[in-house]
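In structure tokens below, several structures.
In the two complexes that follow, subunit A is the common piece, with subunit B as its partner first and subunit C second.
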Partner chain A sequence: MIRAERRLSEPRWLRLAVPLLSIAVAAVVGAIVLLATGHHPLATYHRILSAAFTADGALSGTLIAATPLVFCGLAAAAAFRMQLFNIGAEGQLTAGAIGAVAAGLALGNAPTWLMIVAMVVAGALAGAAWASIPGLLRAFARTNEIITSLMLNYVAALLGNYLIFDSLSYWRDTSAQAKVFPQGRPLAESASWPAYGSSIVVPFGMLVGVIAATGLWFLYRRTRFGFEVSVLGDSLRAARYAGIRTRRTILSVMALSGALAGIGGASQAGDFAHLFDPRALQQEGFGYTGIVVAALSRYHPAAVVAVAFLLGGLKNAGFALQGPDFPSGLVGVLQGLILFCALGGELLARYRIRIGSATAAAA
Partner chain B sequence: MAARSITKRFPGVVANDAVEFEAEVGEVHALLGENGAGKSTLSNMLTGLYRPDSGHIEVGGEPVQLGSPRAAIAAGIGMVHQHFRLVAPFTVAENIVLGHDPAFLLQRGEIEQRVRALSQQFGLDVDPTARIWQLSVGEQQRVEIIKALYRDARILILDEPTAVLTPQEADKLFETVRALARSGRTVIFISHKLHEVMAVADRVTVLRAGRSVATVRTADVTQRVLASLMVGREVAGPERIARQGPVGEPVLQLADVSAIGDRGVTALSGVSLTVCAGEILGIAGVAGNGQRELAEAITGLRRCTGTIALAGRPLASGSPRAAIEAGIAHVPEDRLGTAVAPSLSIAENLELKRYRLGGMLLRRRAMATAADQLIERYEVKAPGPHAPARQLSGGNLQKVVLGREFAAQPRVLIAASPTRGLDVGAIETVHAHLRDAASRGVAVLLISEDLDEILALADRVAVLFEGRIAGELEGSIATPEALGLLMAGGSAAA
Partner chain C sequence: MNSSILVVVLASAVIYGTPLLYAALGELLAERSGVLNLGVEGMMLVGAVMGFWTVQNVGGPFALAIATGVAALSGAACASIHAFLTITLRASQIVSGLALSIFAGAAGLSSYLGSDLSLADAPARHEFSKLDIAGLGDAPVVGPLLFNHSWLVYCSWLLTIAIGLYLSRTRPGLNVRAVGESPQAADALGISVTRYRYAHVIAGGALAGIGGACFSLDITPLWVDGLTGGAGWIAVALVIFAFWRADLCLVGAYVFGAFQALPFTLQARGYTVAPELMQALPYVMTILVLVLVSTGWSKRRLGAPAALGIAYVREER
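Presenting the complex of A and B:
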């Protein structure tokens, strides 16, 4: 019989040893897969590392891939900390992109600083509004937010498709060449967010993400609101007993989570796409990867940034790796193996596995 | 049945250390011990829920391996748990055959007949066609006993069976227990109440700190001897700490307060009470007669009708925040689930009700200092201010809760079963703190199912029965018998 028991205390060395061991296990299993498909494991790993971090321009690509993961990771972490399982970052990010692009288009040729402020605020508001739907349902009707927030992801995706492909909406490019291939209306030049650095290019959204992570850490660690969140996350009864307004707090956290994802959507529009592109967002699935980021970082904002950077590297390496000699399916297998081992390792760190029952008494 | 040198360890504690006891056929054998002495662990091993780390169990002289509850049932061991294992929407008969009936189809008529025969034989009145949710707690307990007998249990283990009963119901249970023993069954009666053990058992095995200290015949000993065996020193019952000085102005006034319980039925109907400054009003009653709802209504955790006024000013119903701000302190019955957030630190739990008083930012350093001071002042045994609340033992946790509630300098204190599950030393401390609070002018409402506690502390006693105040007595003249009558729904004799 195999049982998993929660560890009473978690030794410090485990926190370091477990992730390292997880990666080692992933490397070994990955090597078997690579050998079986006729690839050289060490050479492949070297290529992954190089494509993710060490090659020329690799870090820039990694940062680009990591930026939306920071926002979605923070969005998930903000809610999960209170045992509020908002898995709708995907839809909230889409809503945020819609809002930010609308603000950008409405402002026409306004100066860049104003564009950034308007797009961030509009993205945050749209994401918060989208997340408030499951938030209100949870707070006042006790609906399971996992299901409602998940279902709204599909609604957001279809709404995006409708705006670009099935209607002549404000977001759709109505110029002559876009009649055949529908696409979003491009933003003005001044709506492009700046990027910094020459050899390593840091997208502006990444800076916003780091600021958001710091803000979230401060909010949860040092403020009254953060205290209410930690009490409510631990025990609903204790929170009621302490006079915490539980509905208001649930709604606030849900809106905060949605706002973070929404800024991620604004960053996608401002940093990279410069228009609203629903198909691209759907293919990426940032919201779901954000849940993995939050789980691996144990909902700690600083760890979210670090984990997002690592997963961004993995994703970036995937782009570089795939080609005629290396099918993209195999890239996916390797990425999946690493995530699988990392999450499995997390389980081992929090629980210990006992094999066999307590030995029966020797008569 | 016998236990031979049974040892069971849990992380950090030895719950049972070489426990020995032997119960004969036709005997009522009591296992007596304080909370945490190892009674529950032992009974869980006797019924196959846990396995001993070493030692073994014998039934009828033969060693048996009880690997599962099913194996224990097969060995003729039946258990009546403190918290019943019944399915509320099912009938009595259905519950009795649940998990047992070998036939594919239920033979209702036959089952009901057998149930009736068993109830008649042992004086266990219960209608086999009634549904569990319709039954009183006492009746549900009878269903549990019949369930064990239906499975041909030769050995019956009753875990704290009187905790939920009125004194009168308990007497009836004792008759059943003796009838069971006369029929050649063995009854193992687990309790921490001395007078019950003396009344019902032939022999007693006393457990203390996981060891079996002694096995004695009840005919040969007195309650005092048993008590000293149980705690390891001479003890008297909880001493009555009477009020000194006069009672002040009325502080907490309830007029015609009614509330709906969790099951959607009226749990509190038309309760009117007054508690004065400096006074302890005891609320006695059998568990489940509206005590929890009363405490929750006053502290704003439950909506209610009627008026609750503090020093003449009515309080908003259903707002814990309003109650806290008006100066109502609350020591809830459910310590770990309600009074504290279990994963949060002691320091954080101390802030639970006053974190709103400062600015928007938390002052973590000041919180830690305050926690250090409380740990020192109330002699809390804790690793430090940052230890999570759930690591504390019941007594130490209660000190933290009391310390926090007193720190707010309340005008009213609602204490619900404040000593449940605590050991003798901790009970004395809590009682002293309650009396001390009253002498500083706090109006104390003490809700407790423990009559000894009520009698030791209360200046006046009101009895709750089915959500109504069945009667009120002066604390100095209240007797267990008079209160017991009121608790069972009788009229006030005094």
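Presenting the complex of A and C:
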């Protein structure tokens, strides 16, 4: 019989060993799946690594795929840290994209720096507003935020489709050639966010993401607000007795989380799409992958950036390699396996495993 | 009369609601034992793809029954990963469930299996056909609503009754509720918390797999990636909407089914209603119901199992 005993303190070396071991075990299990279905594991992994990191231009593609994951990962990390399970980053990202594109369209041909500021602010506000719905309900009506934030993902997706496909909204291209195939109204040239570098292209949004991660780290580690968040995360009652305004903190964390996802939406519009494209956002499922990123990084902002880069690479490889000779869905399988192993590995960090019968141990 | 809009919408509500009902009943079993499983969408998709694979490769009069069984087994296999992680390894139920959705979902295992077994772009070789019970299929109003459905629909009705009775009238059913409400007390009574939780999470997965098979063998008898289109997520919401009761799961499933079907029916008749606004209604309604219930405006007991989402560790009780 296998039993687990709670550790009193978590050894430091485990913090790095557990995630690395998780990835290794996931790779082995993935290899078994590949072998069982008649694919060559080593060759497949080699292709994935090459398409994700080492081939010409692969890193640029990986950075593009990682940018939204940084924002959604930070959004999930910010909320989950306080045991506030905001799984609505998906919808908040869509809301952010709607807000940012509205700001970009309204400014017409304004200079790029003004565009960037306006789009980031509008995206953050729209994301925060969308997240405030479950936030308010949780703070004042004690409604479970998991379900409400999840439901609002669908509402946001449907709202996005409505704006582009079933109405003559501000966001829709109403010129003659767009009558047949509805699409978003394109932003002006000056609303394209810059990108840096020649062989490895770093999108501007990635820089914003790194800045946001630093800011979040500072906020949670070095300020009174961050301390209150961690107390609230551990015990609602203790927080209340300590005089922490629980409702205000819940609402602030929810809005912060939504704002981060919202900036992710702004970056999608400013960096890559240059218009509001609801279908593309829905297909990617950035919000859900963001939760994986946050869980793998154990809610640490710096680790979020690193994990987002790793999973971004996986995603980029899946996109680059898709075709008849590459098993579709392999990327999701590998992501899921890594997460399963990381969850199992958590146990190693928190508990000591003893093998032997319970009675023998008791004696 | 049978083509009046109300009858058409209600009849298609039953069809679209059936996969939701199976999945919601499965989730109900898991949640009543205290385990939240957010991986329903993934389990449904794997059930759908494996059920479809079976009808493409197995013939004979029992092909559909075997396919439904295979779908249930594959859903159960997926659920056992979640059960192992959350019950034995005490991992976070939310993260593990999401991991299962990603692992098995539209861009994961179900798509992998679909392409590896080359199932796309072919119609099903067997599909569930509509029965005509006692020749009443053409009877006004009640015919299309009650007497003209596939086996899957009638089985789901029986299952709803069975699960309702199981949870309220039988010893094991009451034990499950005890495990979900207070695992400490149940353990003290000599009920094995681990065993009950494993059994119900896995049974829940089997029902989710059947729910997925409703799509690939009945509603749209073919396989494409992401066939279930978010039905698994609706099923999770549905359990809450139904106050964790089997009979209300049936009502809820058909309400959600009606709102999925309504826009198509209205469009077919020349009414121009934006389908998105209609489709958003059930989600908004779920939120409203949740708010009403949680603020205590409604005096009825909410019914959420008290230990839902919490791992049980005997040594730490």
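The working rule: the second predicted complex is superposed on the first by the 325 of 363 C-alpha atoms of A that agree within 3 Å, B and C clash if a C-alpha of one lies under 4 Å from a C-alpha of the other, contacts with A are read in each partner's own complex, and residues count from 1 in each chain.
In this text, contacts are C-beta pairs under 8 Å (C-beta built on N, C-alpha and C of every residue); 3 or more make two chains touch, one makes a residue touch a chain.
Please read these numbers as outputs of a predicted model, since none were measured by experiment.
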More subunit A residues in contact [subunit B versus subunit C]: C
Which superposed partner A:R240 touches (first subunit B, second subunit C, both, neither): first
Touching partner for A:R224 - first (subunit B), second (subunit C), both, neither: first
First (subunit B), second (subunit C), both or neither touched by A:L107: neither
In the complex, subunit B residues that touch subunit A: 11-12, 51-56, 63, 65, 67, 299-301, 319-321, 323-325, 330, 332, 334, 337-344, 348, 351-353, 355-356, 358-362, 364
Complex contact set, residues of subunit A against subunit B: 8, 222-228, 230-231, 234-235, 237-243, 245, 357-358, 360-363
Complex contacts: residues of subunit C adjacent to subunit A: 81, 85, 89-92, 94-96, 98-116, 225, 230, 233, 236-237, 240, 274-277, 279-280, 283-284, 286-287, 290-291, 294-295, 315-316
Subunit C-facing residues of subunit A, complex: 4-6, 33, 37, 85, 87, 137, 141-144, 146-148, 150-152, 154-155, 158-159, 161-162, 165-167, 285, 288-289, 291-292, 295, 318, 327-333, 335-337, 339-340, 343-344, 346-347
